[in-house]
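So, here's a batch of structures to check.
The following pair of complexes shares a single chain, chain A, combined with chain B in the former and chain C in the latter.
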Partner chain A sequence: MIDVSNVRAGYGDGADILNGISLHAAGGEIVTILGPNGCGKSTLLKCIAGFLAPRAGTVAIDGEDVGAVPVHRKVRGYGVGFVPQTDNVFATLSVSENIRLGARHLPRAEREGRFDALMRQYPTLAAKQNRKASALSGGERQILSLVRALIAGPKILLLDEPSAGLSPLMMHEVFDAIAGIRDDTGMCIVMVEQNAFEALGIADRAYVLTLGTVAMEGRARDLLADPSMRELYLGGSVAG
Partner chain B sequence: MVQFFSDVLIRTVDLALIAVGLSCVYSLIRFPNIALVQYAVAGSFLALLLQGAGLPLPVAGLLACLLVGGLAVLLNVTVFERLLASGSAIAMVGSLAVTMILSAVFLVVFGPDSRRFDLDSHPVIRVLDARLTVHQLTAVGLTAGAVIVLALLLFRTTLGRSMRATATNRVLAAATGIDARLITNTVVFLSGVLAALGGIGLALKGEMNIQLGMDVLLPVFAAAILGGLGNALGAVAGAVIIATAETLVTNVNLGPLVGEPLLFLPASYATAMSFLILVAALLVRPHGLFVNEVKRV
Partner chain C sequence: MFEFLIHVSTMACLFGLLALSLNLQVGFAGLVNFGHIALFGCGTYGAAIAFANQWGPVAGLLLGGAAAALLALAFARLGRNLGADYWGIATLSIAEILRTFATNEQWLTGGAQGIHGLPMLFGSLPAPWGPLATLGLCAVLLAVCWALCQRLVNGRYGLALKLLREEPQLASSLGYDLAALRRTPLVISGLIAAVAGFLFAHYTTFVGPDQLYSAETFLIWSMLIVGGLGNNLGAVAGAFLMQFLLAYVPFVKDALGLPSEFVAAMRLTLVGGGLLAFLLWRTQGLIPERIGGRHA
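Our next item is the complex of A and B:
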């Protein structure tokens, strides 16, 4: 579904942040991208989403090179949903307005049908649908952001650190929701995370980046058992 | 007292639509576009030209508004978008330059003389103690109608929600599938239309000349800033406050304070008063009075 091949990318006239990264993600799986701060995780996700065009290499969706397609066209034309790390709700709009915006290109009846279904699925949001999004807690905002992406019926979901700033309890709730989305919809989910072990707990496969390159990749359960992962996330290196 | 309120209303109408346009466009491109006051001049003179070409004034006014909206988009795409790449301060200076260029063009094309629309004369209407002309009431109606339509657009339509979303968070709007550039230019178009309609309203109540825009520049900015730049409906409230201050200054008899039967301040003090209020308000609420109370566009 998503094929990233030898991508180099960076911001403005600056040096490359991504130095020839390749990645594959298929439908029905959660692929998590891990790594220390500054390794290029979010940059890679922005490249896939369309916020940043690759300087070299290709980003393909279902075999079509979409590296130069901007994010707003990817959302509508290629079924991509993107959930940013921070500022992930429209704070001045109500919860229901936030959600409906995600499906504003759909016919009204279809939009309202999906809205009602999602409200049944996420009763916490349903209870607060007329409140401003700014009144929600961090976890509720993250769920709202997910729901806004889901209402469009994406086939690919890109999540940038969905657990950022959440309490452990809320983090589990958000990860459970993400795993549920994969199980219920067969969606392709690519998730950048700092909480490596929590992310590996729900992911099918993972890529570990260092300095803009893929240092490790494999099945999530294998990486969880890999001692070098513990070294990396307890301050060691990935050497060897 | 009724006359006082009607004077406030009429002055509010002078400022409101241009201030709303300024605020709308600021909410998306984050710089106060000074050239907006010249769009008001362009609107009034284009309507005059089109009326002179034989069109009824309502049709001429509508066409003029659409043309000025188009001019606003053209200038945004060719000038302001590029200047904004260097920062909002550069774009603001650029908008001042565009204002001066448009002023020179208007002088060449329309000349320095004041003009009037070709309007039927009507007797003055008395509303309680206030005396109002039909053309003043028309301008009030146009302004009220435009503000209501804008509010409905913003809060009751998908386009309006997209506009508010883009103003709130441009990156997230793009991630939600909204073409932020298209939305921005739609708002720029609307701001041009609103400014042109404001200019036509000003000209309806009296004369138009190429100074019309510069005459309202400072109070329009005061109203928009007071309402919380970027807050379209706040700009209307800002216009009411500025209009009240200006009307108070020129209508209150200060004679008893100095032992004279009558003493009124010259009209030129009105702008100073509005800025006194603006400075005082901003010392208390630096982001404007209504930045939290009324939704941003």
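Our next item is the complex of A and C:
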């Protein structure tokens, strides 16, 4: 579904942050992107989403080169849902207003139908739908931003560190929700994560980045068992 | 005294238009424009150049409007490549370049002397009625532009602008086209400023580069901040308040027997000091921004 090949990218006229990265993600799987802070995980996700056009290489969705398609058109025309790493809710709007924004381009009846279905599916969020988003806990905000992406009915979901800043309990709640989305909808989910082992727990495949290149890739199960992963994440060096 | 009151009210209406138009950019679209006076200048010079070439005032209005729309599009274009703070500096530089251009291109703009002798809009009417009719026209246009701005910033478009201001990255990930969202308020803002410039040119009957100093932009900014950024009524209220305050500074001078340098110094002090006080104590201005009927 998503094919990234040999992508180089960077900001403004700065140096390349991504130095030739290739990645593939199919429908019905969670692909997680791991790696140390500042190695370019968010940059890669932004490149797929269309915030950033690749300097070289291609980003393709269903075989079509979409490297130059800006994010607002990817969201409306290519079924891409993107949840940024931080600031992913509109704090001054209510929960329900936040959610409906995700489907504002849909006809009213369809939007309300999906809204009601999602509210049944996420009852804890439904209970707080008239609160301001600023009044939600970190975990609730993550769920809110997920639901807001879901209401548009995306084929592809790009998540940047959905567990950032969450307690272990909430992190599991969010990860369960993400795994549930994959199982229920068969979406293609690409998820950047800091919490490598927990992310590998729900992911199907993973890519480990170091300094803008893919250092390791494989099935999540295999990486979990890989001793060099343990070294990398439990006191090992970045060079791995 | 009556004439003076009409004069101050007319100027307040014109500055009200400018404050409304700047508010559209700063208060609603989050565009920190320090070169706003250049859009006004498009209006004044449109009127003056049409007059100098005997094209008539309608052509002047169209010329000014077209120039302001183009300049606004150029500002918007710049904004695609620059961060908000750099964009502010860039607009300031462009305004200064245009002022320098107006000062030096004698053949087109009359140079530093400017262009004199534009006709008053209701010049044929007898004494109190001409200025009164001008005031009436300015007031009606102010009301119309206010209604236009209200329409623009309430409802879906206003919400989009607010989201753009709050979380630009998130807004674009929800399918909002940021470039287009910024372009529209900029162009409308430019057109309103050009209308104000056109009226101003025909009111003072003189157009010159000295009317386009950046200090004027900051005066409009101070009106906005005093009135409350992001509130159309506040922008107009701030413009009236500042305009009346500044108009009565000379009377204070006379009453206290102060030297006349005091007037210029006092105007600057009022603008600067007032701004500072408001920024420190009332960050929301006189009338705070409202979103969806609630105070944000």
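By our rule, the second predicted complex is superposed on the first by the 236 of 240 C-alpha atoms of A that agree within 3 Å, B and C clash if a C-alpha of one lies under 4 Å from a C-alpha of the other, contacts with A are read in each partner's own complex, and residues count from 1 in each chain.
Keep this in mind: contacts are C-beta pairs under 8 Å (C-beta built on N, C-alpha and C of every residue); 3 or more make two chains touch, one makes a residue touch a chain.
On a predicted model such as this, the values are computed, not experimentally measured, just so you know.
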Determine, for the superposed arrangement built on chain A, whether chain B and chain C clash or fit.
clash
First (chain B), second (chain C), both or neither: which does A:Asn88 touch?
both
Using the touch definition from the top, say if A:Lys128 reaches chain B (first), chain C (second), both or neither.
neither
Check the residue A:Val75 against both partner chains and state whether it touches chain B (first), chain C (second), both, or neither.
both
Just to be sure I read the superposition right, which of the two partners does A:Phe51 touch: chain B = first, chain C = second, or both, or neither?
both
Thinking of the overlay built on chain A, is A:Arg100 touched by chain B (first), by chain C (second), by both, or by neither?
first
Just to be sure I follow: which residues of chain A are touched by chain B in one complex and then by chain C in the other one?
49, 51, 70-73, 75-76, 82-84, 87-92, 101-102, 104-105, 148, 152
Help me check something: in the complex, which residues belonging to chain A touch chain C?
49, 51, 70-73, 75-76, 82-84, 87-92, 101-102, 104-105, 148, 152
Give the list of chain C residues in touch with chain A in this complex.
156, 162-163, 166-167, 169-170, 172-178, 291, 296
Quick one: which bits of chain B touch chain A in the complex? Just the residue numbers, please.
158, 161-162, 164-165, 168-169, 171-180, 295-296
Show me the residue ranges of chain A that touch chain B in the complex, using the header's touch definition.
49, 51, 70-73, 75-76, 82-84, 87-93, 97, 100-102, 104-105, 148, 152
